Each structure stands twice: as structure tokens, then as C-alpha cells.
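Structure in C-alpha cells, see below.
First chain written, first letter: the chains are A, B, C, D, E and F, and each begins at residue 1.
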Amino acid sequence: MQGESLGFIFLNAAVVNNFVLALFLGICPFLGVSAKKETAWNMGLATLFVMLVSSVSAYGINWLLTELDLMFLRLICYIAVIASAVQLVEMFIKKFSPSLFRSLGIFLPLITTNCAILGLALFQTAKEYDFLQSVVYALGAGVGFTLALLLMSGLREKLELAEVPAVSQGAAMSLMLAGLLSLAFMGFAGLGGSHG
Amino acid sequence: MMRLLNLFRRHKTFSHGGIHPLEYKERTAGLAIRRLPFAPRIVVPLAQHKGAPAVPLVTVGQQVVRGEPIAGADGHVSVPMHAPATGRIAAIDLWPTAEGPKAPAIVIEVSQAANQAVLYDEPVDVLALSPEEIVQAVKDAGLVGLGGAAFPSHVKLAAPPDKPIRTLLINGCECEPYLTCDHRVMLEKTDALLHGIRIVMHATGADRALIGVEDNKMDAVRAIADKLPDDGPISVHAVEAKYPQGAEKMLIESLLGEQIPEGGLPLDLGVAVYNVGTLAQMGELLPLGRGLIERVVTVSGPAVVHPGNYLVPIGTPVGFLLQQVGADAAANEVILGGPMMGMTVASLDVPVTKGVSGIVVYAAGDADQQPRTVYPCIKCSRCVEVCPMHLNPSMLGQLAQKREYGRMEHEHHLSQCFECGCCAYVCPSNIPLTQYFRIAKAINRETPTVAV
Amino acid sequence: MSSLQFVGVAVAFMSALGVVLASILVVANRWLFVLEDPRIDDVEDLLPKANCGACGTPGCRPFAEKLVKGEVDPGLCTVNSKDTNQIIANFLGVQLGTHEKRVARLACAGGAHVAYIRASYAGLGSCRGASLVAGGGKGCAWGCLGMGDCATVCTFDAIHMDRHGLPVVDADKCTACGDCVDVCPKDLFEIHPVSHRLWVACRNREFGDAAEAQCEVICTACERCAVDSPEGLITIRNNLAVIDYGKNRLASKVAIERCPTGAIVWREPDESVIKGRDARKIIRKTALPVG
Amino acid sequence: MMQAAPSTPGFRMIRTLGAIAMLSGLLVVLVFRWTEPIIAENQRIAIEKAVFQVVPGATRRVDVVLGADGIALATDAAGEGETVYAAFDEQGKLKGIALAAGAQGYQDVVKLLYGYDPACSCIRGIKILKMTETPGLGDKIAFDPGFLRNFEALSAVVNASGDGLTNPIEAVKHGHKQFAWEVDAISGATISSVAVANALNRSMQRMAPLIQRHRDALGEVVR
Amino acid sequence: MFKGKPVEIRTAPHLKRPQGVDEIMRNVVYALLPIAGFSVWQFGISSLALIVTTTLVAMLTERLFSHLSGRGNTLKDWSVVITGILLALTLPPGFPLWMAAVAAFVAVALGKALFGGLGYNVMNPALVGRAFVQAAFPVAITTWTPAFAPGRFTEFVPSTLTLPFMKPNPVGEWIVGLNIDGFTGATPLAMQKFQHIFVSTTDLFLGGVVGSSGEAPALLILLGGLYLAARRMLDWRIPVGVFAGAAAVVLPLWLYDSFTYPSPLFVWFSGGLMLGAWFMASDMIASPVTPLGAFVYGALIGVLTVVIRLFGGLSEGVMYAILLANAASPLIASITQPRVYGQARRQGGRA
Amino acid sequence: MATLRHQQEKLGLDTFLRGLWEENPVFVMLLGMCPVLAVTNSTMNAIAMGLATTFVLVASSGLISLLRNLIPKQVRIASYIVIIATFVTVVDYAIQAISLDLYNALGAFIQLIVANCVILGRAEAYASKQRLHTTLVNSLGMGAGFTVALLALGTVREVLGNGTLLGFQVMPANFEPWVVMILPPGGFFVLGSWLLLFAYIRQRQDQRVLEKGGVSDAR
């Protein structure tokens, strides 16, 4: 929508409709990479970065496809371009910062196949955001993803030290934690909308 | 504003943490120092101090005279031993210690006939000696810290030239509950104490000496102040009565407002800290040229019939001492040192050593001995509030339960913990935090790889 | 736009996109390629990821790196099954390497039914914790405290505490990782090849009656084993029989036969224990009273 | 495998990916051509259903672009403005105009279609197209009969100067409706109700004057 | 002496401060009782039934799970009683009992037992229970009934006794039948948010306004909280942080436009902020252990509460603010670790 | 070079059943969670999503298996993705043609099948190494497992959260729905509860084996 202010777009993407906790995008890495604060932080930053890249590429592709009247190729083009971009970034990091690569290592390919990245591209198109709005949307989504990941990792690290019953260890507990976080994030509903 | 605050906080203290358990000092604080009979057998462990154990100079069967050197220092950080009583060397053998492992000790069969006079003395004018000679004299006297750590006193005197000692702190806090021996020493041996201070100032070149005394012993403060000129280099200060005010790190912060850098020594601030008992002994022994053969020990606790402050020959077995003062029938726990940091002994054969400042005896069923339910840490943050080293015992405790000893050291400064026990004292979940930390430190010491 | 044209444009666009992306990747590959032996990953996949250190490296990944470099033999990993190690060896085209099985052994036989307790310990149920409190209260200051730190620390579940509170090592499960050696506050564990059959299960350093007052299966330094064995195989040091495993081939059951307490034992290849015929027979099943 | 990078000729990579992309392009374009008319038909039916629902009595629709400088048929795609649906009955009489509108609701944007009847200067009906309001609460705006009754004749009269409404459309708390331009909110879902009112108000403030100005021309487009 | 019996050996310290977990928890219960009593006086037997239901169900659930996981009888630590009572105090007085039971079960099962029980929960159990039913039954939980209704000690609010799993009995006619002047069914916060009507702070302070069963008597809450703070059973930094955080956001707004925005006093005393700040934010288990962290955590709750109240879709935000801050508390703790002794910049020697 | 893992699998019933239970992509491997959580607020959506995903899975795995020896390593991922995206686009248009309502209900998640971790995961781990027929059977099994998981969530959430099943009222008329089940937290909670249930059952089984004196199935 044309009318939405940048601040609202950011807040909406970051907390109100948080990609992980409200829209269910990027759950696999959210569950997989949230065991340690440090990795969570790295993963969050990597995702934020890739989201920006993908948002810009998606904006460009969308423009090109609209010009050529080939909208039905949108999905293929988005995913192909994003995947290639991520792979480039991966090689780049591997070459120039092996230490960064080791800490982000496996995540980069994970991000390629992460619904959050593609979802971002599709949503920004569906919402007909202009360039600036798209970038802010990507920023918000990335920040929201990082926030969710960080909170989750903090809780999981804390529970590392707990005497968690055998039954609830592992994935089940992660999901319940995610549920609790999601429940708490419901408090943000309607934030920034004009009420009253 | 500051003045208003000072109304509430009359005396200086350290910046963070600390506790104030009941003192239990009133039973013995007023009792003058007394002697007890000699035990029939006296046991002098060769390792009573920090550093290398002493080497025996005597053989089994040999007769020794009270005050005679029976073991020599083995290197710089080590001190000699002197015979605490006249008698015959019955054995040099493994003997139980308070720490646990049996260790070599010289056993003296005390001669009941002897008058136990000290015959080994070479009076000297200490203040006329050179600093090097004083250091040697202190070492020859077998002096170690009587405040508990039993660190050889001469080592602290011999400061390296690049780190000269400017300030001397004399620790008269005696912050442990029950203990009153330092209190009595300050009252009864004031002159010896002041003489000891002058010796150390002379030896180190320190230009001032501050005596810190907790404000629950104002009579001692007055007794010392009465003997001091107003503007001399030696001054006495009352500090807030709060455990562990007597820990040297806390006392330095209270009196000088500075903190010892992490991993550093008082020396890094140009400071040396001595216990009042140590300096009183120094002031007494050095002029006579004698060795350390006895010390003042507070014997107290709910299960002691005649509590008091006793001048005890080093090496007296704890069991004998308790016979003399009388112990309750239900007595079942004997602590060497104070109740906050002292060690329980597994055998009453363990002797009193140079570092033992008190013996506290509990009986089965005393309130502090009740078994308590241990709950999980409820993150109440009390331990964080009381830790004088500003650590996070809650986190450390949780990590210890998961055996994450490396993380304890690397992320949470485990080695800064000096095991004062404040955290375990306050923990409402009754978690044995301090014990966890001792275990963790022991393991980290042994397997440095864990700590990577 | 005609239908055919439309299809044409679409196909052309996609082909172009494919070609462009592939070209970028090709170029990037040339410029940014980082050489790393992919066999390291493959080998690491086959290692157990226990990171126990029994192989002498800090963990499985460094071991994999060394394996690929040919610096070590796959047989060094004691956690993997032999078959898996063989697969690694075949994959790398190297020999499996022969390594004798090693196990952890306890140098104490003083269970609660034979060893005296002098003080009752109250506190954390941890050997290390107890040993820091006046040595733990056991009569023998060198003996096992029986609170099972070793059993807790063993990743491979190779140690269980028997009814008398002594740890028993399951030789099949033990990988000789050495964790129990590190953890025991009394330093009672040692890693030995199973071919070391003669074993002194005691560390007490006191002599004769003084020793026997502490435990019924104690080395009293009576010297019978030393006298009965070939010269130099067993010596008495600090009131304790010490075996020189450099002379292991001289070892025989003769050494244990006259031991009065059964402190020196013979271990079968499966690590089961044989005591000498003169060893005191202990039929007591319950713990000795404390005191 | 280790030296794979240098040993695979770049050409092979390019060729493979190019070929796969080409094939995929072909497949997709064929499917697209095949389903395009069906989807268009589905969409037409969906739109008509919605338009005829919000403009009672209508049976035909014409898509019109309505802008400040007049109207044009959507098929001509000229001129600036907003696409609206003019709805007619069998006789070709203009029954109303269907417009899309949207506003921020409780969770996300609420999008709806409503029918405006220029003859009575009122809204004749609404249909919620898209929303993510709380099920059981906010989602009542789509089907709660009491709430929908608000829109049987919701007044939207153009003011004298012709640049807005005389009375803005407003939501009031449940049971407090007094005037014809007020929307009686659903109890417990005030925010969602407000969103509907806001959407209508914002759209009407802009579009109602335009519709009234070009009312006659709109009536003609059916031919 | 020592004849025939062994000496005991144990580790230092040999002294112990007597206050244990169970004593702390029991005192919190004592501090809550006056509030619960006031609630019963205000809302009658419906409120009493609510409190009894949540407390019993919470205790039963705790017992069940402690049995299942072999942790012995954990009712002895009293903590679950607090959970039960507090949960009831945050629910509307006429809340159907079966829903309250669901809330209590979820509170203990999902909020606590799942993670290992006392000490290991990551969020406030009572609020987990409440948040769950708020999301599950959003209408029931925003249906308010009047305080001091005549006959409140003899008859239940109709919705209280709803059959399990059924829609709540309607209360509209019952309320009309009570004939209470000016009862709109809106809480002071809702009135402020949607109608810009401010209820006077005195009314808020002394209770008697519409709201959850236990949020009204700000005075009693304050006294209870102060009692606990004085006995060091709660960390005073947390409530102080909450009030400071809330004021920091709302004060500038109020000075700028006092018609639209409420005053700090209104914010402090309205809704559940008092109860939340003193009794729920202060739950030590889900809050940071570090002293600075506790303050930051409190301030975060204050800020979030006001942000949600003023700019969000809900009229009340305390519960979500506390849950969010609970979630953030490990992060807060890790960035506010105390600066260890000796790591300090040297304090200027004042010797 | 003979690598370690490329042993060709023999076709058997096991190939199919594995995806359904032992290696269930959702309950065991925790992949493809997003659609599982996002579209399961009604059973109808769950079924549609399951079928669509299965179709894409089978079709793309099959094609990738056919082409497995032609695709160079470096462009592997890119090629797989293009292939998958193609089939997703096909499904996308097909569903639009079949029913717009269904399409709207599933939202963007049809297109997001591209990014579903299960599909790419299967392509990488299985299809790129195995022959066509085993691949087809295996991916059919995986698809079935995925659909079953979706159904497990969808039914619980719809029945509890709305009182209906496949749109038909199944609960008493006066039943108060648990709205939270349809909301995002409900998705997490229901999936978490299923996992808890499985873990509990497994624990009980292990216990029983232990009590019988056997060793648990772990090596």
C-alpha cells in the first residue's frame, strides 16, 4: 500500500507480524540454530543481510518482469536469483573471512532454502511496496527474525542449565518455547495502527 | 548529603556485598588469654605453611629442648619449625591433617619432668638490623601468617625493588564469628604489636601503617590509639563490622579505597597486609631471637564447656585440647578456624598448627547443623548481592551442577572466588555453592585442559 | 503478441537467466574457490563425534584431519566399531593399524564391606567434594570414596558402582578415554593395556597393622609378592608394592599366591579378577559400621 | 571430487543450467497459457459475486477508472484514477458503484469491497475480501448480521463544497449508534469495527464527490 | 565426648541464614491474602470460587507432574500456591470456572513443569496461564462485571458456573438487572484508550473500579509489596524499574498533550500495573539475577506496558510486557554481569 | 571416486514406510515446519497443502534423479531450485484454476513450497544419489509422511479451535472454541504436544525393554 509510513512498515515486520512468531516463516533455522546466543546472533545478522540482498533483487526482477510481461515467471526468477546471490555471498565469505565462515558456516546454505527470504520477496510484491518501503520491510523482517532468534537462544541457554525432564528435552521443548514467545508477541498486536 | 549518609554508615567499609551473621563473640571476648597443660604427645607437621614443607633436622629417639629448631626451611617460600616442648622424638611419620591426606610430621613425646623453659634465645636489637637481616630473622623465627593462610611472613617483607611497599595494613578485623583471639592480642599484647609494626616498617621502608579493626571491638581501637602519638605514621581505624571485612582484598578497599587488580597481589598497590597476631608474635619473638612455638587459639562453640582464649603450643592434638576445656557429650563436629571458612576435622588426632586461630565445636542438633532441603536455584540474586568479589554465584553454581568448569573460569571468573562462603550462607535454596566452587577450582587446577 | 511469440519470449528469458546465473557462478568459482580436502568431512562423518580424546587428539575433527594427512591410523579410535574403522581405512587406502585394547583400572579394593570409615561426611554427593572436606572421612586416606564421580563422568557408561560402593569398569565399553583418570580426586584410575595382568589394587602408604586397621584388603607392605617374583618385577616403595610393567613378560600368578589380604591380583583377559589362595576370604556383605 | 572446481569446464555448467532453465521456462509458460483463461474466469466470477453482493439488485458490471478528470473504461486503460465497478440491473440502470478500500485492523490490514449508491448517497453493503483478525472475535466483521446491518444504508452525503463528506463515517461503541453515518461496533472487537469504518470513511471522503460529479457519465458506461 | 560415634565432617560455611525458599514463598502468600480478601469483599463468592479453583487446580497439576517426573512432593515449597492465587487475581471476577481451571493447568504444566519445575521456568507461570486463556477465550476474558453488586455474597455471577467446555452464560441481562448506575463494562484503561475518559486516581487507589479480581486495591498491593521488599523477599529494583520505565515514556507525552495521554499516576495505578510490578514482575525465577539487570528488566516492563497501552491494539499491556521481559531476561542478564572485583578502573585512591 | 555414502538403496516397502514414520520429515527430522504450522488451522488446507507438496516432491525428485549424472556439482543447488520452482509454479496455477477460495486460504504458502526444506533436503540427500524408481517411492513416502503430519495438526487445531472438522460442526453447538489453537501460538503448542506425546511413548517403550532385562534399541 502506498500510504504506509516507513516506521509502521518496520514495526509491523519486526514485531507485530514477526516473520517467525506470527507468520511462521523460517521456522527450520529458527529451531535449528537457536541453541547458542552467539550462533543465533550470527545467523540473525546473516539472515538480515541476505534479506536485504533478496529484497533488492526481488524489486529489480519484479520491475523487469513487469516490463517484459512475464509475471508468471516471478517465482522461478526470485528463487533462482536469491539462491545464486546467497551462494556468491557464501563463497565470498569463505574466501575472505574463514573465521566468519566457520561461525556462519552451515547457515548460509540453510538461508537459501529459508522460507523467510522467499516469503519476504513475495510479500513485498504482494503489498506493492516501492523501493524504499521494500528495503525497510526487509530491514524490519531481518531485525524481527534476529530478535526472535536471540530471545529463543537466551531461553534455550538458560534451560541448558535446568533439570529438564527427559520427555520434554529437545524439539518438543523448543516448540513450546516458541509457542510461549509467540504468545507473548501477541501483545504487540495492532501496534502502530491508529486506534481509538 | 555525604554527611547524611555517613550518619547511617559510620565506619569505612568495602563497596559491595558482605554479610553480618550473629557474632557469638561475647562468650570469649572478655576472657583473658590463659595457658593449658602440655599434651603428652605433640605433633609438628612439616607442612604447616604455604610453600615447601620443612625438612627434619632431628632423628627418631633424639631428645629436644623447647624452642630448639627441629626442621629447617626448604627454599625461600618455606620456614623452619621449632620444638614446642621439651621431650623425645618418638617418630617422624604420616599423620592425619585437617585437609585430609596424611602428611609427614615430627611426633614429640613430651617429657613430663621438664620445666618447659625456652632455652633457645639470642636477644638482639631488631631495629638496629638491616632489612635483609630482619627478613632472615623473621624466617628463622618460623613466622607465618597467623590470620589463617599461614603464608611465610618473611616472603611478604622481601618486596622486589621495582614494587616497594609504601603502606602497611594491619588486619585486626577478626570478622569470623566466635573468634576473639586477635581481639585479646590487641588488648593484651599492644606493645608487642606496635613493636612488630615498627619492625616491619623498618624492614620494608613503608612510611605509614594503618591498623584496621572492626567497630565491634572499639575497646581494642582505644587501647591501641592510647599508645599512639596523634600524628605518627601508625594510625588505627575502625571499619564496619561485616564479614569478610578481614579478607585482605576487602580491608584494602575499605581503608585505601583501592581494589587489587584481578590476579594481582597487595604488592601491586605497594601494600603489605599482616594479621595483628603475626605482628604481635614478631614484636615478641624477634628481640628475643626465639622461634614460633605457640599461638593464641579461641576455643568456643555451643558444645564447649569452658570456652576461652588459650595460648596453645603448636602441635597440640585437638582431642587433648577439647579434653582440657571440656566438650559436650553430644559434640560431634570440630572446626579448625571460624565457622565461615574453617575446616572440620575427621580425626581428633589432628594437631593445632600455626594457622589455626580458633576451634569451634558443635553438637548434633544445633540449629546450624540441621539438614536442609536443597532446592533448585530460584535466581533470587541474594548471592550476587552478597558476593564481596562481585561474582555471579548463581550462574557459577548452575554451571557447576552441569560440570561446566571451564566456562566457570573463562566466563565467570571462578578463580577470583576466595571461598568466603557468603553466597552459601544466604542462599535460600540451600545450595552448597562454596563447595561447588572448591570442587570446580580443584578440577581446573588439575586438568588445565578442561579450562580451555 | 501471438501465442508463439509469448512462449518464445518466456523461454528465451529463462534460458538467458540460467546462462547468466551459471556464468556468474562459474566466474565466482574460479575466483573464490577455497581448497579444502573434502575427504576430511567424509571421514569426520564416520567418526563417532564423541570428542573423547582417547585417540590422542582433542576431538574428532582434528583426528579426521590427521587421518587424511596420514599421520595416524584409523585403529586409534577406540569408540568406533572395528568395521567402521576398516571402512575409513579402505577409503583412505591405509592400514587399520593394530592397537592393543586398553582399559581403565581402579587401584583400590576397599569397598564399604572391608574398609573402615572414620568420620561421616555430610554434603554434596561428590567424591571431589568429599575429598576436599578433611579427605572424605574414609579410614584409608588414599582409598576410593565411592560417590561415583567417575561413573558420572564416563561418557560411555562403562563404569557402574557396585553394591559396596566401588566403581566397576565394563571392559567392553571402556574406550580408555581417560576421563575417569582425570576426575578421580584420589587418582585411583590408570589406563593399562589388558596384557598387564598383574595389578595392585591399593594405594595405601602405611605399614603393617597401622594399614590393616584401615581396610581388610590393603597392601601391608609385607613384601611377599616382591620376594616370590622374578627380581625387579615388584618393588616395595612407600610401603606399597609397585609393579614394573617394563618387565611385564616376567609376570605370573606366583606373585599373588601368598598375598595375605588380596591386594595384589591377577586379571584375566576379560578383566575379571583372581586373588591368591592365601588371601583373606571375606564373606561379609554389609557395610562396616562408621566409627 | 576434490579438484572438481577446476576440472568441470565452466561451459558445462552454463550449458546445464541454461538448458534446465529453458525447459522450466517452457513448462511454465505452457501451463500458464493453459490455465490463464480458467483463472481469469474464476476471478471474474469471484468479483461479480462480490460486486452483486454489495450492490443489491445488480446483475451486470462495468469496470471503470474514475479520476479527478473524469472516467474511462478500464479496458482502455487510459487516465489516472482508481478502478471501480459500476453495477447495473437488467434494465441497464445504474444500481451503484462497488469500490475497494482498506485500513489497518487489529492484526493486519483489512481489505473490503463496498457498494455505494449515488441515488441515496449511502453505502448499500460491504464484503470483507481479506483480513487476519482474530477468529471468533475480529473476524465477525465479515459475517455478524448485526454488524452488517450497519451497511444496509450507511449515510455518506457529499458536503456543500463538494470535496468530502458532510459527516465522516465513524464507528461508535456497541449500542451507542445514533446517526445514520455511524457504525455500531461489535462488542469486544471495537478495533476491527473501527478499521472497517476507517476504510469506508477514507475511501468515501475521496471517491464520493467524484462519483456524484460523474454520476451521469457513469450511468452511460453500460453502453 | 566423641566416644563410639564418628565425628561429622562437612564443608564451610558452617553457618546458615535461616530464611529458606519455603519461608519466602509462604510470606508471599501471606502478602497476597489481604488482596484476595479484598477481592472477595468486592466481588463476592464468584471471586472466592475463582481463587479456590485456580489454586486447587494448580496444586493438583503440580503434584501430578512432580509425581510423573519423580521429584517428590514439591507442594512443600509453596510456590505453586502463589501461582494459583495470582492467576485468580488477574482474571475477571466472573470468569467461567472451567476456563480458570484450564488456565491453572496450563500455567503449571506449560509454564513450569515442562521445564523441570520450580526454578527452571522461563516465564511467569501464572501469566503463561492467563495469556493462554486470553488468547483462547478473548471474549470471556474481557467481560467485566461490576464490583460491590448487591447479593454478591449469595449468588454467583451467571458466567462463573458455566458448564465445562461450553460458551459462558451471558451476563448482559444479569448486569442490567442489578441496576447499577453508570456501569459500562469498560475498564478505566479501555475508557481512557477508546473514549478518552480518565477515572480519578483516588478511585483507582482505593479500589472499586471495573477490572480483574485482584488489580483494584492498589493500597493493599503496595503494602504487601513493601512488606516483602523490606524482608528482602523481593528485589525492590524491579518494581522501581517498572514505575520508572512507565513514567519515562508517559511523562513527556502527558506534558505535551494531557488530554490524549494519561498522567504517570494514572498509568501507575490503573490496570494491573501495581499487581504486576510488585508481585509478578518480581518473580525472581524469570528475572535477571544481576542487580543492574533487575532494574533494566523492570524498566523494560514499564516501557512496554505503556507502549502497548498507548500505541497497541490492547488496552492493557502489563501481562504481555512481563512475558516479553521474561523472555528477554537471559539476554539482559548476560549483558549486565557484575563487574568483578579488581577488574575495576582504579577508584582514585582516597587514602 | 567411490565415496563413502553412495550405496544404492534396494527398493522395498521400507523405502516407502520410512518417510511415514521412522524418518517422518516433520515429527522426526523437523523439516518443512513452516507450512506445517502455517496452514494447519483447518483440515481442508492441510490436505490441499499435503497433496501439493507431495506432488512437487515426487515430480522434482524424479526429475532430479533422472538428471543426477548430468548436473555439475557447482550448479547443483541452483538447478534443483529451478526445477522445484517450476513444479511449484505449475501447482500454483493449477490450484488457482481449481478453486480461488482454496488458493486464498493457503496464501503465499503454495509458492513457499519452493523453500520447503523437505524438498530440497530430499533432492540433496536422496534424489541426487539414487535411481529413479527408489527415488519416486521414497519421495512418495516422504510426501505421505508430510501429509499425515499436516493432518495431525490440522484436525486438532480445527476441532478445538473452531469446533468443526472439514467445515462440519463436530462439537456441541454450545461448545466454546479455543481460539488460541487457530492462532500462531496454537500451532506451536499442538506440534509441541504431538512431539511430547511421541517422546513419552518412546520413553515408556524403552523403559519396558529395560525392565525386561534387554538393552534398549540404541547401539
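Going forward, a contact is a pair of C-beta atoms (placed from the backbone, for glycine too) under 8 Å apart; a residue touches a chain by one contact, two chains touch by 3 or more.
Just so you know, these numbers come straight off a predicted model, no measurement behind them.
Undergrad: Going by the stated contact rule, which chains contact chain C and chain E alike?
TA: Neighbours common to chain C and chain E are A, B, D, F.
Undergrad: Which neighbours do chain A and chain E have in common?
TA: Common contact partners of chain A and chain E, which must touch each of the two, are B, C, D, F.
Undergrad: Name the chain whose C-alpha centroid is farthest from the C-alpha centroid of chain B.
TA: D
Undergrad: Please report how many Å separate the Cα centroid of chain B from that of chain F, as a whole number.
TA: The computed centroid separation for chain B versus chain F comes out at 69 Å.
Undergrad: Just how far, in Å, is the C-alpha centre of chain C from the one of chain A?
TA: 45
Undergrad: Report the inter-centroid distance (CA atoms only) between chain A and chain B in whole Å.
TA: It comes to 60 Å between the two C-alpha centres.
Undergrad: So, what's the distance in Å between the C-alpha centres of chain F and chain E?
TA: 41
Undergrad: Can you list the residues of chain B that touch 2 or more other chains?
TA: 343-347, 376, 432, 435, 438
Undergrad: Touching at least two other chains at once: which residues of chain A meet that condition?
TA: 72-73, 76, 80, 84, 87, 162-163, 168, 173, 176, 180, 183, 186, 189-190, 192-193, 195-196
Undergrad: Could you tell me which residues belong to chain D and also touch two or more other chains?
TA: Residues 1, 5, 13, 16-17, 20-21, 24-25, 28-29, 32, 106-107, 134, 136-137, 191 of chain D touch two or more partner chains.
Undergrad: Following the definition at the start, I'd like every touching pair of chains, please.
TA: In this structure, the chains touch in these pairs: A-B, A-C, A-D, A-E, A-F, B-C, B-E, C-D, C-E, C-F, D-E, D-F, E-F.
Undergrad: So in the complex, the part of chain A that touches chain D is made up of which residues?
TA: 1, 12, 16-17, 72-73, 76, 80, 189-190, 192-196
Undergrad: Once bound in the complex, which stretches of chain C touch chain B?
TA: 58, 118-119, 122-124, 126, 128-129, 131-137, 141-142, 152-153, 182-183, 185, 205-206
Undergrad: Would you tell me which residues of chain E are touching chain B in their complex?
TA: 1-2, 5-24, 76-77, 116-120, 232, 235, 284-291, 294, 337-344, 346-351
Undergrad: For chain A, which residues are in contact with chain E within the complex?
TA: 37, 150-151, 154-155, 157-159, 162-165, 168, 173, 176-177, 180-181, 183-193, 195-196
Undergrad: List the residues on chain A that touch chain C in their complex, please.
TA: Within the complex, chain A contacts chain C at residues 68-70, 72-73, 76-77, 80-81, 84, 87-88, 91-92, 94-95, 98.
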